[in-house]
Amino acid sequence: MWSFFHKLGSPPWLFRIAGSILRWLLPVTLVALAVGLVWGLLFTAPDFRQGNSYRIIYIHVPAAVVALAGYYVMAIAGAVSLIWKMKMADVAMKACAPIGAALTFIALVTGSIWGKPTWGTWWVWDARITSMLILLFLYLGVVALYEAYDNKEAAGKACAVLSLVGMVNIPIIYKSVDWWYSLHQPASIKFTGESTIDPSMLYPLLWMIVTFYALFTCCLLMNMRAELLEREARTNWVKKLAAENRA
Amino acid sequence: MSAPAEAPATGAFCLALLRRQLTLAARRPIEIGNPLLFFAMVVALFPLGLGPAPDKLAGFAPGILWIIALLSNLLTSETVFRSDFEDGSLEQLLLAPQPLFMSVLAYIGAHWLTTGLLLALVSPVFALMINLPGQAIGALVASLLLGTAVLSLVGGIGAALTVGLKRGGMLISLLILPFYMPVLIFGSAAVQNAVLGTPAVPYLAILGAMLCLAIALAPLAIAAGLRISVDA
Amino acid sequence: MYFDSLSAALSMDGHGAYVWSAYAISLLVLVLLVRAPRRRQQMFLRQLAGEQKRRQPGLTAKPEVE
Amino acid sequence: MSSGPSGEPLLAVHDLCLERGGRELFRDLSFEVRPGHLVQVDGPNGAGKTSLLRILAGLSRYGFEGRVERHSLLLYLGHQSAVKALLTPRENLAWHVAGESAYGDTEIEDALNKVGLYGYEDVPSHALSAGQHRRVNLARLYLSRSALWLLDEPFTAIDKGGVAELEKLLVEHVQRGGAVVMTSHQPLRVAYQVTMLSLTDGLPA
Amino acid sequence: MHPVRKQRLYLVLFVVLFSSAAAGLVMYALRGNINLFFPPAEVAQGKAPVGQPIRVGGMVLDGSVQRSDESLAVAFTLTDYQANVPVVYEGILPDLFGEGQGAVASGVLDEQGVLRASEVLAKHDENYMPPEVAHALEQSGFDHKGNAK
């Protein structure tokens, strides 16, 4: 059991694997992102009611979906780090926070811009928007708490506790549309039953969601690599790497 | 060797802790008075900032009172474990054979008794200062009784996570304000409804639900946070 | 392509300002997001390499020779 | 009354390794503490004595490798006295946060008497000196019902007479079937076999 | 029982007990009308309080929108096809506002049962489709939700 964790938790191994995944995943993701953006912006028809403003959906929905999923990843990594005392889970958790914060920020800003032509207002204190704002605060809180600790191992544990406590918020975000009446439309993409979005609009949206997941993974791996180096600064493999880098 | 030593029962231990915390608070009466004074002074700020028109103030009164209660709780939450951390009592508490999640409840209970409870009891006076209609006083006191208990529990999590940090004060606000927001929404909604003459009980029930959830989960997080802070 | 001309694509029937600004802001954030860890890693490795250089006796005074 | 270590271990340590700031403090440390053991942890400053004691107590829970098994209640005295200035010595002991606190009033008076605080029971602790604070803390040893004592520099700020009293108490405790793990720079002057655990200064990695 | 196990058992019982109490209280609260949102049918039944801020949501009745020539004042009727609520509003309406569309008006109900709105928001549904598709659906006798008319 422990030896398995040790292998999985071996920093140089993880650094190398993450590097080789990134070598192909990052370019693929960036190309997919460009394709998705052009597709959504220029090659889809406008909505019969909202006109062209709905094109923001191709960036708003993926960002929001992945921002929420990112919180789950962070909290689960936190739980793993607390329960099994796995250092790599700590690193992964820490790496999630800034990415999640950025995606939540994108979701909020694009939503606000979309809201103006659609609802007639930049901002409403609707349940889902408010929960999204709270999600941003939760992410920023994790970042701030991590930075405040000198002992990075303790920082990881403290952030894990905080993100687990924040998990209580996530079901409220998901359920808020059902619990309270709000301006937000119910989910358009349904896995059971028929989607209420036309296929010509659904495919680029799904494309973008997958792309954002890939982008999240890329950023996560890159952040983890950077974090690993700093944590393992005194070990031989990092020293060797720095020497190679110098040469 | 004599028979294995038996530690006192958890309940007795928690009561002893509660007495200890209350005695400590009672020997520093100024620290109990400060949040109340803060409450009174911030209440006085609103008529100065918004203008003293009574009906305008009355409209904002539920929100104003709740926000101040929240802020004064925020200011005191930071101190719950601070002195115990500094003099080494906290590490002794962690070593106690009784479950830590119960003993931290005693700390939080003492904090609530010396801040939230008192605040709820004196809040009618402040409510009158900003023209909160009389029929809402009951809902105000009830919502503050329930809500400040949630605030104390949630604030305890922030306090536990930041007690080992030199500059925890600002950070604790960032960490726990997101969790205070639902309490604020339902607390002020309860008062608002009482002002309008609609039933406040559903809102109080939601606050009660939050309190139950907080009692169930916050002690675990506080205990974990304290172990991390002492270890850091 | 859905739009007939570049100007039609830019104006998007009056929604262009909203759509294009939303995309621009998002792209900006994404670029920063992707670049941050790379920069951080490069900075760190350079700093570490500098430390190693300082520790090597004799090399400190000598200028770098290609 | 047993005179030597025997019986089931109160504490077992397996393959403990500790690294701090890239420096290895100790490696593959394994030992057992049984009733009757009086262990003195020895080593220069920064050798990890306090860290070791905190790991044994369970206050440090990560940052090291290895396993610690605790089989008894323990009493840990750290560098800080855990005495509340606003409480009297009597209250400090009666409501002590370490959870051993079901002591009778006379027991507390006895213990305070033994550490030389007779007559100070109900004086607010902020009126006491630093040394007296430590004595209030040491009074817990007279009250303790825990078998295993972990004492970090217990002689600090204690006068000669106090040290002799304390040494006597430690021997009594281990002879009763308890065990002591303590750090100290000065050799113990006791008529009892002291097990030495030396932490040599770790070499820079 | 082993003391550590016993402690864990108590912990689990404690958490379960308080969590279920929380769930019970939420159920109780949701039975009461917790939000101030009313469909027109409930307004017609007199369930909505008069003289306090509420929100009414429904569809804008076809042919009900009357705009004033001189000012931004507008009057329309919200319906849920069971009852109607007249709304008056003064201000700029969102682009998506239109007859046959969903809208939410927040304001105060007066004695005559007219909602004096301080804010009107258009609510759009979860259906997205190109105009041609919507048009084709109309032609073939479906509404935009794909339901037969």
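Should a chain be cited, it is by its letter among A, B, C, D and E, assigned in written order, with residues numbered from 1 in that chain.
Heads up, the rule we're going with is that a contact is a pair of C-beta atoms (placed from the backbone, for glycine too) under 8 Å apart; a residue touches a chain by one contact, two chains touch by 3 or more.
Quick caveat, the model's predicted, so the values are computed rather than measured.
Q: Once the contact rule is applied, which chains count as partners of both subunit B and subunit C?
A: For subunit B paired with subunit C, the chains in contact with each are A, in label order.
Q: Which chains sit in contact with both members of the pair subunit A and subunit E?
A: Neighbours common to subunit A and subunit E are B.
Q: Looking at B-D and A-D, which one has the bigger number of contacting C-beta pairs?
A: Of B-D and A-D, it is B-D that has more C-beta pairs in contact.
Q: Between subunit B and subunit E, tell me the centre distance in angstrom, where each centre is the average of that chain's C-alpha atoms.
A: 35
Q: When the C-alpha atoms of subunit D and subunit E are each averaged to a single point, how far apart are the two points in Å?
A: Taking the average C-alpha coordinate of subunit D and of subunit E, the gap between them is 66 Å.
Q: Counting in whole Å, what is the centre-to-centre distance of subunit A and subunit C, each centre being its mean C-alpha position?
A: 19
Q: Please work out the Cα centroid separation of subunit A and subunit B, and write it as a whole number of Å.
A: 33
Q: Considering subunit A alone, which of its residues make contact with at least two other chains?
A: Counting only residues that touch two or more other chains, subunit A contributes 44-46, 51, 117, 157.
Q: Which subunit D residues sit where two or more other chains touch them?
A: Each of 62-63 in subunit D touches at least two other chains.
Q: Provide the list of subunit E residues touching at least two other chains, using ranges where the numbers run on.
A: Only 30 qualify.
Q: Using the touch rule from the top of the page, what pairs of chains touch, sorted by label?
A: A-B, A-C, A-D, A-E, B-D, B-E
Q: Considering the complex alone, what residue numbers of subunit B touch subunit E?
A: Per the stated touch rule, the residues are 99, 101, 196-199, 201-203, 205-206, 208-213, 215-217, 220.
Q: Please name which positions on subunit A make contact with subunit B in the complex.
A: Residues 82, 130, 134, 137-138, 140-141, 144-145, 148-151, 154, 157-158, 161-162, 164-166, 168-169, 172 of subunit A touch subunit B in their complex.
Q: Given the complex with subunit A, which residues does subunit D contribute to the contact?
A: Touching subunit A from subunit D are residues 22, 62-63, 205.
Q: Per the contact definition, I'd like the list of subunit B residues that touch subunit D in the complex.
A: That would be residues 1-2, 4-8, 12-13, 16-17, 19-20, 23-24, 27-28, 83-84, 87-98, 103, 227, 230-231 of subunit B.
Q: So in the complex, which bits of subunit C are touching subunit A?
A: For this pair, the touching residues of subunit C are 1-3, 9, 12-13, 15-16, 18-19, 21-23, 25-27, 29-30, 32-34, 36-38, 40-41, 44-46, 48-49, 51-53.
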